[in-house]
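One chain, subunit A, appears in both complexes that follow, with subunit B as partner in the first and subunit C in the second.
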Partner chain A sequence: MLFNSYTFIFFFLPVAFLGYFLLNYNKKVEGAKVWLVASSLFFYSWWNVIYLPLILLSVLLNYKLSRVLIEDEEGSLFTKKQYFVVGLVLNISLLVYFKYMDFFITNVNFISGENFELWHLALPLAISFFTLQQIAFLVDSYEGLVKEKNFLDYSLFVTFFPQLIAGPIVHHQEMMPQFSRLKNKLFNYKNIAAGVFIFSIGLFKKVVIADSFSKWVHHGFDHSQTLTLIEGWVTSLAYTFQIYFDFSGYTDMAIGAALLFNIKLPQNFNSPYKATGIIDYWQRWHMTLTIFITTYVYTPILRSFSKITFFKAMFATFAAMFISGLWHGAGWTFIVWGSLHGFALMINHYWHKSKRKMSIFLAWFITFNFVNITGIFFRAENLSQAKDILQAMFTGNIMLPIQLESRLVQLKTYGVTFGSLMGTSRDFALATILIVISFFISLVLKNSNEKIEDFKPSFLVLLLIVPMFIYSIYNMQDVSEFLYFNF
Partner chain B sequence: MYKRWLLGFLLLSLIIASIIEVNYQLNRKQYYRHAEDYAVNKLLAQQKNRDYKTIIMGDSVIHWAMEGMKLDPSVYDMTVTGSMTIVGQYMMLNRYLKYNKAPDEVYMFFIPEAFKEDTENTRPRIESIFDEEGEAELIKKVKLGQFSDESNYFYDRVRILKPWKQYFAKGNRSIDKSSVLREVSRDKTYEIVDQTMKERHLTKVVENTFKELQSLCKNNGISLILVLEPMQYIRYKAYENSDLDKFFKSKNIGIIDFRTIYEFEDKLFYDGLHLNQLNADLFMYKIDQNITTILKMNN
Partner chain C sequence: MSNIKDKIQEIFRDIFDEEELVISEETTADDIEEWDSLNHINIISAIEKEYKIKFALGELQAMKDVGEMIHLISVKSS
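So, the complex of A and B:
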């Protein structure tokens, strides 16, 4: 079920909300939790009920393993470490099986010249997210950091519908205590108002801004071979803003929906396009993934060295980003994207180490363009498509809108041509205007997290937020998926 | 304070929704299905008693391909910005002939689906609106159903609020978002088109209307030339050997298949349906060379 669907907004969310608080009101605290788990599983199954047993099995298995790791009973058949390794292998195998098999076979075919058939397995919804969260839980159970043993709380931690599909990637330590806290069972108008406020902002970001970019992005990437220089830049910028407003809009909606239930999800974005360095960028973009990668990938790699040096730390940084790239998708484009970010982080760390200085504007300019250019690999279907767009951006023909021909005709002597950009002059104009507006929103305005912190239930806010909400509701006819559903 | 704010949120939302609803109820027209283009307004705005030798009819593919072209003064561009069924084409020509002199020839560009949609379908993929006085009666004679789109409550209401959308549509070509999205998955597109062609049969309504169209042209001394417009291969493949193809063959109705003149590459349909600028120029050139001289060349 999509957050930006009528079914979710007018049916699922009100029913889940009322049911939860009604049960709590009648002191059926455990019943309320069961209700929320059942609602979440219903939410998950709405997409495709076939994957329901998979998530149930994954939850059961991981819970059982974590219990074994926490309790570490004497006389057990295997050691704690063996159980832990089994758990890790099972989780990673699940991910590999569904996500990476075809990628693996394609590469084997390429190297060996064989022609093994691809499996064409459909990627179960949210598998990357719920597997990560459970790996973190297993690791912490192994390291003795897990205190919670309640199965219902654990199930809720994994399946809680606002974060189930595309994050934020939540940590058991911040989630499970919230499910047990008694005051969270009470109807809280402040949280509900804040939730409605942030949900409306997220819906507007997704429906009005991100979805407006989608057609130009599709158009640009589908016609990568025939793009001119300006079209190449419009395409890449359109994607850079589409993915930001799409994903941060989704996160806002998730945070808003969770707040209705008095649950605070972690912040996932902090104005990433204001970043003045790639380290800064990763502390602002998909923050919960950065924390996960740092804690459960980077740190263990680093800890595996007997002596930590700068070079080894950089190796760990690169390896972590390489894995992050691969986690995002089974394809060379994602590996290139992850590797480029890994390199950039290494350079940025070296820059800091050597205590060099750079003007803020130049630092921002380099960072933003790096993110924008590497984003092409993230979106492209293959490396060749990414190459085509990069070629267009840097060596493409310079074509200006045909409307400027009479005024700038002398530029023709320099090889500049005039024509309809992006298929239509109207689309080019609209895309350009929206890109300018998006720069303004991303760089000048407060981000959602700052807005929710400053939230005051004033009449002025009401006058702003209600039209945004209504406009989004009435414009949801072109429902599209969230980009991060694919990962 | 927060409780009051939430009540305010609900109240204001309801007020705005009510205004939209009232606007919808006041402004909605009972129209007869067969679009959402501004063909009707476009025609009404034209002068009457015109005397053209050639009329070009067609949907958005042809309309946007012809955009900006200087036509010969004897040619009238009666293409529309949106989609158009064959029933819709008939109604338009009928209306034109009511007020103007009959042309010598009518070039009617069509996509196969134009023959596949009639008002018996509850959710047509393409449709045309006719709500001028008398037209509804005329349409009733061919037993068309009344249009009532409740497939999307919100969309139905918001489109009335968007007169600017139609304003922008005039003289402008726009990337069709849904087409672009369909383009992403060509196999899926083919499936949908193929399904439409197979499941939606040539109905009696369409057959009768087509007969009426032929009679209308014959009675007015008009040569009706049907042209299967440029399409992506997947769409063309769905058309081949379809009941429409068989219908034309069995009735010995000659059509000009544009693929026999020029085969446009699939990737040059900028959104999967419409021709990009380069190909629009090429398309007009091919028409001029192979079908009729409609362009004022060297202009």
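So, the complex of A and C:
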């Protein structure tokens, strides 16, 4: 079930919410948790019930393994370390099996000249996210930081529907105390108001902004071979803003939905396009993933060396970013994207180390353009499509809107042509306007997280949020999935 | 406690290469521009060596806060 669907907003969310607090109100604390887990599994199964056994199996296996990891070793057949390694291998294998088999077979076929058949397995929803979350949990159990002895609580930790599909990636330590706090089992009007507020902002970001860009992004990428210079830039910028408003909109909705249950999910975005360096960018974009990768990938790699040097740290940085690229998708485009970001991080670190300075504007300009250009690889179906768009952006023909022809006709002598861009003149005008507005929103305005920090319910807020909500609902007819559901 | 803080301060001065750097329990990674993931690991390793302790991976994120760092060191080294 999508957050941006009538079923979710007008049926699932109110029912799950009322059921949870009614059960708590009647002192059925365990019952309320069962209700929330059951609701979450219903939410998950709405897409495709055949993957329900898979997530249940994954939850059960990881719970069993963690129990072994936190109990005394005596009388056990294997050491804790062996169980821990088995746990890691199981989680990663499950992900590899569903996500990377076809990519692997394609490459084997390419290298060997054989023709092994592809498996065409559909990617089970949320597998990339619940795998990461549970790996972190196993590591924390192994290192003695968490001791979960209640299967219901553990199921709630993994399946809690606001964060189940695409994060924010949460840690057991930050979630479970919130669920057990007595105060959180009671209606909290302030949290409800704040939750509805941020949910509405997220819905607007997704339905009104991101989904408008979606059309032009599709058009641009589908016509990658015939794009002119300006169209190339409009297409890539449209995607850069689409993915931001899509994913941060989703995250706002997740944070808002969780707040209704008095649960505070971690911040995932902090105005990433204000970043003035690529290190800065990764501290602002998909922050819970950056923290996960830094903690559980980068650090272990670096710690495996006996002495930490700058060179080894750079190796670990690149390796972590490479793995992050592959995690996002099974394809060479994602590997190129991850590697480019890995290189950029290395350059940024070297720059810091040598204590050079740069003007803020130039730093922002380089960072934003780097993110925009690498984003093409992130979106493209294959490398040649990415190359087409890059070619359009840097060596494409210059075509201006046909309306300017009478005034700028002399430019024709320099090879400039006139025509309708992005399919129709109207689309081009709208896309350009929305790009300008998006620059303003993401560079000048406070982000939703800052807004929630100093949130106070007032009539002014109500006057702002109600029209936004209604307009979003009105625009929700063509339900569209979130980009990050494919990862 | 202040003993731990002084030692951490020395480690910070060494890693950030700033002789005048002064930290307090309220200092966080947001206050020191150079305190990124790379320097964070360097700080952690230096503390681990100094106190002959080892931090769990899941503890590293919370330690981007000097107060939390001092707390964890005092728990682990006692």
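A few remarks follow.
Rule of thumb we're sticking to: the second predicted complex is superposed on the first by the 484 of 487 C-alpha atoms of A that agree within 3 Å, B and C clash if a C-alpha of one lies under 4 Å from a C-alpha of the other, contacts with A are read in each partner's own complex, and residues count from 1 in each chain.
Keep in mind that, in the parts below, a residue touches a chain if its C-beta (ideal position, glycine included) is under 8 Å from a C-beta of that chain, and two chains touch if they have at least 3 such contacts.
This is a predicted model, so every value here is computed, not measured.
By the touch criterion stated above, A:295 is placed in contact with subunit C alone, subunit B being left untouched. For subunit A, the partner touching the most residues, choosing from subunit B and subunit C, is B.
By the document's definition of touching, of the two partners only subunit C reaches A:279; subunit B does not.
Once the two complexes are laid over each other on the shared chain, residue contacts for A:86 go to neither subunit B nor subunit C.
By the document's definition of touching, neither partner reaches A:105: not subunit B, not subunit C.
Of the two partner chains, subunit C is the only one touched by A:349; subunit B is not. In the superposition on chain A, A:173 contacts subunit C only, with no contact to subunit B. After overlaying the two complexes on the shared chain, residue contacts for A:473 are found with subunit B alone; subunit C is out of touch. Applying the stated contact rule after C-alpha superposition, one finds that A:61 touches neither subunit B nor subunit C.
In the superposition on chain A, no subunit A position is in contact with subunit B in one complex as well as with subunit C in the other. For subunit B in complex with subunit A, the touching residues are 1-6, 8-9, 12-13, 16-17, 20, 152, 154-155, 157-158, 161, 168, 172-175, 177-178, 180-181, 183-184, 267, 270-271, 274, 276-277. Touching subunit B in their complex are the following residues of subunit A: 6, 189-190, 192-193, 196, 214-216, 218-219, 222-223, 225-226, 419-420, 422-427, 457-459, 461-463, 465-467, 469-470, 473-478, 480.
Only residues 136, 139-140, 143-146, 171, 173, 279, 283, 291, 294-296, 298-300, 302-303, 308, 310, 313, 317, 349, 352 of subunit A touch subunit C when the two sit together in their complex. If you check the complex, the residues on subunit C that touch subunit A are 34, 36-38, 41-42, 45, 56-61.
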